[in-house]
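Just so it is clear, A, B, C and D label the chains in written order, and each chain counts residues from 1 on its own.
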Amino acid sequence: MTALAEPPVMHEAPPSGTIWRLAEDRSSFAGPTDDRAGGLPDHDLLEVALGPHHPSTHGVFRMDVVLDGEEVVRLKPVFGYLHRNHEKIAEKNSYLAAIPYTDRLDYICSMTNNWAYVMTVEKLTGFQPPERAEYIRVIVGELTRLFNHACLVGFLLQDMGALGTPLMYAFREREKILDLFESLSGARMMCNYMRFGGVRCDLPDGWIEEAKQVVAEFPRFLDEFEALLTGNEILLVRSQGIGVLSKELAVNAGVTGPMLRASGVGYDLRKVDKYSIYPRFNFRIPLGQHGDVFDRYMIRLLEMRESLSILKQALDTIPAGPIVDPKAKQRGLRPKAGEAYGRIEAPKGELGFYVVSDGSPNPYRFRIRPPSLINLTVLEDMCLGHTIADVVIILGSVDIVLGEVDR
Amino acid sequence: MTDEIARKELEKQGVVITSMGELYNWGRKNSIWPLQFGLACCAIEMIAASMARFDIARFGAEVFRPSPRQADLMIVAGTVTKKMAPQVVRLYNQMPEPKYVIAMGACAISGGPFKQGYNVLKGIDRFIPVDIFIPGCPPRPEALLDALMALQKKIEGDTLRGANRPRHIRPDAPSEFPIPEFGEHDLVPDKNPALFHPAAVLLEK
Amino acid sequence: MLGSGIIKGMVETARNFFGSYVSRERLTTVQYPEQQLAPHENARTIPLLVYDGDMEHLRCTACGICEMECPAQCIYIVKDTVKKSDYLGRMQFQPRVFDIDISVCMACGICAEVCPFDSIMMDQVFALSTQNRFSGLLLHKEDLAKANGYFHAIHPSDAGDIDARRDEDKRKAEAKAKAAVAAKAAAAIKSSEASAKQVEVAA
Amino acid sequence: MQTPEQIKSLIEQNVPGAQIELVPNGSPGGPASILIDSDHALAATTFLRDAEELAFDFASNATGIDWPERVIKEKNKVKKMVDGVEKEVEEITEKKTPAFLETVYHLYSMSLSTGPLVLRLRTGDRGQNNHLPSLTPVWRSCEFQEREIFDLFGIVFDGHPDLRRILMWDGFKDHPMRKDYVEPDDYEYEPTPHDDVLEKAQRHYAQEATV
């Protein structure tokens, strides 16, 4: 990959200590399916259905795995166990009624889902969110990224066998941010906060100060987290050289988000599309070098620090003013016939919405481009040649939420 | 049963008197081990309930078992789709008696906001008996704790003998339920008629 | 040294463990149900219907906007056949049936957002678990109706704003009514004077 | 980035025989999309991916749209001779559009940071002629998305490595995202219906009463 508008920066050294590279890079891109899988039923090969009820599949996800001993020779993901028909329901309902449903797509990060959808409708209608609304959107979006990444690391470590502790620390921080969200939007998880051309309600009194305090305290948690994990030899052995994803495959397979950047491709929509007011903030895009599970883990920790820097800048400079475009209409919205595709850098990757209007009060076509699903395209390629225990970790490092995979 | 006043007096002296049934219920209600089983959004709130702030361990229910064979309680946390329903029923059948089901959240109770969808099961009680329903989308972690306390109260009221004794000590009551199959357009059957008795609906419009 | 990372991590967990005895910040457990988190003012769970005074004075006019906009379609309204006078003295319908199926409700708050009569608002109760899905979770008008005082207790600033606006409306309406009455009276006097004149002329 | 018109002529120059049409977009600032005939789709998309000045190496989104037969009413002001006087009369013309299924691809370039290019392919009709070439050999990111389109819309992708249902189960017969899909009747308890659900519920309860 060459020539991005702004050359991305890798942190010189990860913030805490040396990184141990214990394992040799022992995997390479092995092609879609190993030849050995064709030999079924062979007495040497074992077919295992991992899921849909499995403690480490992060929900109701299934992988049909063919094993040679402990080694994976074929892996086919099976989807649809949480196919909740978001697209069909949205096509029956009004534009406004689709917003609370987007909360439930990637149910950990409702705010960014809202944002992607309202941004698409704004493209369709031409509404222009005012300054303050854009700041609020950036603030809640980056807060969402913070706790999504923290929880992801917790879940990943849970998959590696660190039962409880890292996840518990991550959830302790998550609760603080959820408190902010609840006092802002009224709900912990399903915020239903953004509206076409702005946001639903203004920040309550004292919210900025509370948010500043959470942001100020967060680095301490990150340091603690890194002291607990990053140098840990067990984590290093289990994650380095595991599930390597090459740049070329990542780009061709449409992988986005932290997973793509862990493979060394500097493609972050906040820099590329320059949507909302991101160009005003000074932040860096961490890049990985090896594209393995460890890099994906590390990228998330580094991204959290960058998000904190954006948050600090945004919280210090948020202007006063209106929060909704006065031209914007929420109820009974009927955009002119046309179509729009809007995408944002959600914590899991490129979250896109494609809305086709035929001039009626409900969308003619409502499509969600789910980063989690498309990032899973390369799951088999990453897992081939590794042991079954590594499959769980590789899946954990992809960061999927089933609500978004199956929709 | 025992004389309450005499019992209180004895308790002051350090003597605890109890009946077999009470001891049995006391043991069961304080060690309800849930199945580690999340379906959708509500599962995140279930995890939050087991984390530091809400700490479900205070109720003896923090031991989330990955295997249904070791679990007492199934928390159906999230939307049950038609594709997932047979697996949920199978998991329920694999759990040993006594077993309980909490339907957590609107989706598990009735399909919730997704009831208009073609692939969404409109309530898990169509196929398995549910003890406690928690409305909310998603219910707060406190609501889950509240439901757990309601379940404990329910267990406390169980008797070992008599016509009202719970299902697991009645030989005539089934502990396994038929698993639906995938049909060409829908699940076959789409409900268990022996189990699901919806209230009559009067439409006035 | 191999193993130093693990030791470092264990020191961190130990610090957290012992820290939880001295630092409030590390001891985050809320002892529900004995203790409860103070609810945020904006917090919302299920809808409620506000009435002023008694149950007969529901603010709801059965206009059906919330029913139409509800994304989950969990509201069911049937209009009453007789009109009642509202706080401004206008004749309005009231709902004969107002049901919300909270086994479907997704607590999105859109009903409260679109209500033009400040009638449907969001409650903060969450301990709603029940053993009966059918009778326990279909809330009727009687279950949903809450006094304005209750609404004040849970959403004080919203309720204050709404009351101020309604008082203002009421004052205006009364002034208008008074003016109308005065105008009518003046007109009546004028017409009576005029007729008196006519009588005079005729005489 | 090149405009859709420029890209159209670029493809026409480099892929002989390709028939390309621009489809306008009514939304403010939305780009027009490029409709490619299905015979040349594979060659044209390979060109789009490999041409150095375009380098669309990233197919972000692939989706289907169902267009059943529609009657479009157009209001036109026509000058007409009425009783010897020229008058402007509104005339409503009814146009029937044929039924077809459509796939839409959103292409971006990661190396040049450009995009989106909206690409469309259309089937002959919604019945037997529902085949389209698969673009999975060009972009792997289409693999699951094309399976999803096959599942929900019933478009058959020729050349797809693994075309199975992805979200619904294998024995399922319908294509639920099509506009004429009818849901199975499973309304057992619907205490708060209105609009189309009310109709369904009334039908259901009436049926139950007769049984």
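Convention: a contact is a pair of C-beta atoms (placed from the backbone, for glycine too) under 8 Å apart; a residue touches a chain by one contact, two chains touch by 3 or more.
In this text the structure is predicted, and so the values were computed from the model without any measurement.
Asks: Out of C-D and B-D, which chain pair has the most contact pairs?
Replies: The comparison resolves to B-D.
Asks: Where the centre of all protein Cα atoms falls, which chain's Cα centre is nearest to that point?
Replies: Central chain is A.
Asks: Just curious, how far off is subunit D from subunit B if you go by their C-alpha centres, in Å?
Replies: 44
Asks: Please work out the Cα centroid separation of subunit A and subunit D, and write it as a whole number of Å.
Replies: Distance between chain centres: 27 Å.
Asks: Based only on mean CA positions, could you tell me how far subunit A sits from subunit C in angstrom?
Replies: 36
Asks: At which residue positions does subunit D touch at least two other chains?
Replies: 167-169, 176, 189, 191, 193-194, 197
Asks: Which positions in subunit B touch two or more other chains at once?
Replies: Correct list: 52-53, 83, 110, 113, 116, 118-119, 123, 137, 140, 198-199, 205.
Asks: Mind pulling the subunit A residues that touch 2 or more other chains?
Replies: Those would be 80, 83, 85, 88, 92, 100-101, 104, 172, 175, 190, 406.
Asks: Across the complex, what residues on subunit C touch subunit B?
Replies: For this pair, the touching residues of subunit C are 28-33, 36-37, 45-46, 71-73, 78, 96-97, 101-107, 126-137.
Asks: Quick check: in the complex, which residue numbers of subunit A touch subunit C?
Replies: 17, 20, 93-94, 96-101, 103-104, 165, 169, 172, 175, 179, 182-187, 190, 192, 200-201, 204, 224, 227-236, 330-331
Asks: For a test of understanding, state which residues of subunit A touch subunit B in their complex under the given definition.
Replies: Residues of subunit A touching subunit B: 52-55, 59-60, 80-85, 88-89, 92, 100-101, 104, 107-108, 167-168, 171-172, 174-175, 188-190, 402-403, 406.
Asks: Going by the contact rule set out above, which residues of subunit C touch subunit D in the complex?
Replies: Residues 67-68, 73-76, 99-101, 104, 134, 138 of subunit C touch subunit D in their complex.
Asks: Spell out the residues on subunit B that touch subunit A in their complex, using ranges where they run on.
Replies: 36-41, 43-45, 47-48, 51-53, 66, 78-79, 81, 83-84, 87, 91, 113-114, 116-120, 137-138, 140
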